[in-house]
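One chain, chain A, links the two complexes that follow: it is found with chain B in the first and with chain C in the second.
Up next, the complex of A and B:
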């Protein structure tokens, strides 16, 4: 938010993207398979961070936006036979419509009531997915056939089930959302979002329509999460009801808290750290949730601002 | 001259209490108007109604001839009514620069004009003497400086009517001495409505004074008229005063 040389900022973010690009060629197969998942989930977390970290609105229902993208794209492929770009757009459109409707209603509340209302809407969507089982596959979910997951751009066709293609597609989505987030938080509108988080009444008395700004934040956040959901459906071919469950509303919150709320790179750091903690712990013990819990307690005790939040305090104050 | 701000029969009740009770009030453009009165007289409620932070139970508010009674607060700010908070309400975690950048960027037609934003922020900070502290987090400024930052945020809105709610509260005598010329300077480009408990400040600054008591206007006049007014002396200045 401060007047930092933009070259250094954009340089750092581009370096992160380039590092992820390079990792594709050096990672062992197993980790090359994990990273696309982590990048898509980190995109989900970035969408969450925009609303929670910058605008200060704590939603407990963001699984519905991820699921809107997931099912919007997945159902379009499974039932309508749409091609990849159209299905992805359908996922985004579902996320935009849902977040607009939920935003208009949920933003009449704030604080704890906002948490409950968003959670409630998310539960409605989760139950609706189970109820319309003939179309959604219910709790079994849908598996998208491999031949439907080919991105045909006219001059070339990309098989999204191929590990390297999948990696690059996930990286592309991640990089676009990362740079968009960076641009937003450095824009005048980003400054208004932070101002709303810090003191909404004061912001209103500076002449800002805070409701409109918050609604726009919900929609942008919802669309980013829907993009992650749509990408998940198209890249990994599985559209499941568990992604609409409460667990997937809590996870982005934990990832963002772990990486550092209101930092642009925090969602990636948090998602990456948490994914590997779970991955390593679950290969050693069935009580891996215990280890996750201990990690979270330690984090809250010693790094309440998350990993990047703690780093920012000690070293580069210019981290956005 | 037509008044910049007019209220007619303005009333606001909280439960059974009529905090502001049928107030007819008018301020002329370019005036410095002070509002004084004992605690609980309804001063802050009155200016909150003017700014739109709360809505009236009945009555009307006109700004520059336009009825703004039902207008939301943020649109009144855009019309040119700026409010500085009684309880210092700066963004403590943001730098002084960012605090002022928020009102400046809203008044700019083109929000992307980076140069104009920077110039506007530094000008507002310079007017209150905080230019050298632009990078400090507002919460780490001395209390008096936070009050000045609050004023700078009001100024940055380029208001036509600036409402200052007890601006000298908590300031040292030396800071108050600097504050008086600042308000006079502001009044050259804006009408100033100032709630103030510090009577010497009021007497020096105000063109006219309105005295509130129990939600109504008890008296109104020049500082000299108010000083001589017997009812005011009894209600507020203390009957032994004159």
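Up next, the complex of A and C:
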């Protein structure tokens, strides 16, 4: 692997963030409403990518981390009346605790068993959300009132329900996570994660504590996904049990595969592409699940490296 | 109702779900044991069996027994053919890579589910049981058909066990499970065995579905529960161990029936799932399995 000039690298990522910033002013209303959702979901996918793409751990239960952030923030607002920053922090804390517990247990297994164990833990959380319906709203979910979703920073108050504010908040989260991912991937720890993906035994032989590295990866990934979940609750005001379902564990996998696993921008590309494919398809037919299914099968058969993975092979080898 | 008869009813209900669960889980276990892949679409083959059973018995008309017999013959064959086709078209090209296979079978799950929704619709539809004889016990009457389900499942399980242990087909399958490469070296067509096993697993799920559909209706989302439960059974029984699968199916089916009669089903499912995940974490070879080679 040849060393990439950092200027070009950070330039590319800043350009993406600036492009997204600029899009806020040119996009028509409808798409201006879609983009914050895509950016928050892309953040979710970036969290997933950190574990799946770089560390090679395929989890089928990431919906639980998203849901931990979602409910951590949502319940704090709905029942405790916390302000936005405190609620967001509560979501992050829930994600961190849950991912630490799940990581300690699930990392004792590997391969197929790891997927099944993560899927089951996620299922337990989904069932718990239904079981504690008096607090969580069960199947119906909760709607957070508009007046609770105002970010008060002392010198100014931002109404998170306003389209432009919402867009900027989502972009801010996305940009921070994107740069953090880039920094992690280029750090020594990021290299260890890739080494674990390629050959865990050999990495251990070289003297690295692979369990600690993997656990840290699960926790960072879980916290990022929880941040996406908490942002979803605060920006869009809806907290629902279907975000904890298996489907929301599979969607980030699909987005990451589509965009290209182990590429920093892949999750954004994949989420954007898939979101618009489904959006366009669902205006013609209600059978959008069919498209998800066919996309998964075709991707895994013909493009196992995804869009950016295929691009990287033929053109800029330096793409992270 | 007094506690004793109530418990008897719970045990009978548990037996019915255990019987159907054993069939479904056996299919999953065979596929996992021989091919070393996790088939996430297994529950959808179950659902497909139920939906086709409704279609066949509806098309045949006439006496319910006729429609049921037709469904019992045709639906599993069609499901087996669909599974065979998807194995040939998709899974074989992936070289049975564990992670790629999981992703591909998730794709299959969505495809089958959506096709069922589009062509069959969102309604839950019943299939008439072939006979409606009620056995009168001193405390309550019990559907004779449910007991027939238990007997039929037991017969199919016995048949599957005989095929696996006593025939040449079973020998070939076990040889492939034991060591794929050595089997290939002994001129066993491993490739065709894989296709056959995958289809057979789907056939077993479809048989279970046809048996259960007169009791619980056919619905396009009905594959989710059997999938999770089969996973639980196969894991508790030890991945790839057939005897373990049987014992675990009986254990889980019975306890699920009994617990959900006395407690909230959501709570029961929650605790069961958590326990199974912990079994997998602390005893990866399952309760009855042997350590992997």
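We adopt the following convention: the second predicted complex is superposed on the first by the 306 of 320 C-alpha atoms of A that agree within 3 Å, B and C clash if a C-alpha of one lies under 4 Å from a C-alpha of the other, contacts with A are read in each partner's own complex, and residues count from 1 in each chain.
As a convention for this text, a contact is a pair of C-beta atoms (placed from the backbone, for glycine too) under 8 Å apart; a residue touches a chain by one contact, two chains touch by 3 or more.
The shown structure was predicted, so the numbers you read here are calculated from the model rather than taken from an experiment.
Of the two partner chains, chain B is the only one that A:191 touches; chain C does not reach it.
In the superposed pair of complexes, A:208 makes contact with chain B only, with no contact to chain C.
In the superposition on chain A, A:304 makes contact with chain C only, while chain B stays out of contact range.
Once the two complexes are laid over each other on the shared chain, residue contacts for A:100 go to neither chain B nor chain C. In the superposed pair of complexes, A:199 makes contact with chain B only, with no contact to chain C. Listing the residues of chain A that touch chain C in their complex gives 58, 60, 105-106, 108-109, 111-113, 115-117, 120-121, 123-124, 127-128, 130-131, 250, 253, 257, 287, 289-290, 292-297, 299-301, 304.
Of all residues in chain B, only 51, 53, 72-75, 77-78, 83, 85, 89-95, 97-98, 101-103, 105-106, 111-112, 117-118, 135, 153, 157 touch chain A in the complex they form. Within the complex formed with chain A, the residues of chain C that make contact are 38, 90, 93-94, 98-100, 102-104, 106-115, 117-118, 228, 231, 235, 264, 266-267, 269-270, 273-274, 276-278, 280-282, 284. Residues 1-3, 188, 191-192, 194-195, 198-199, 201-210 of chain A are the ones touching chain B in the complex.
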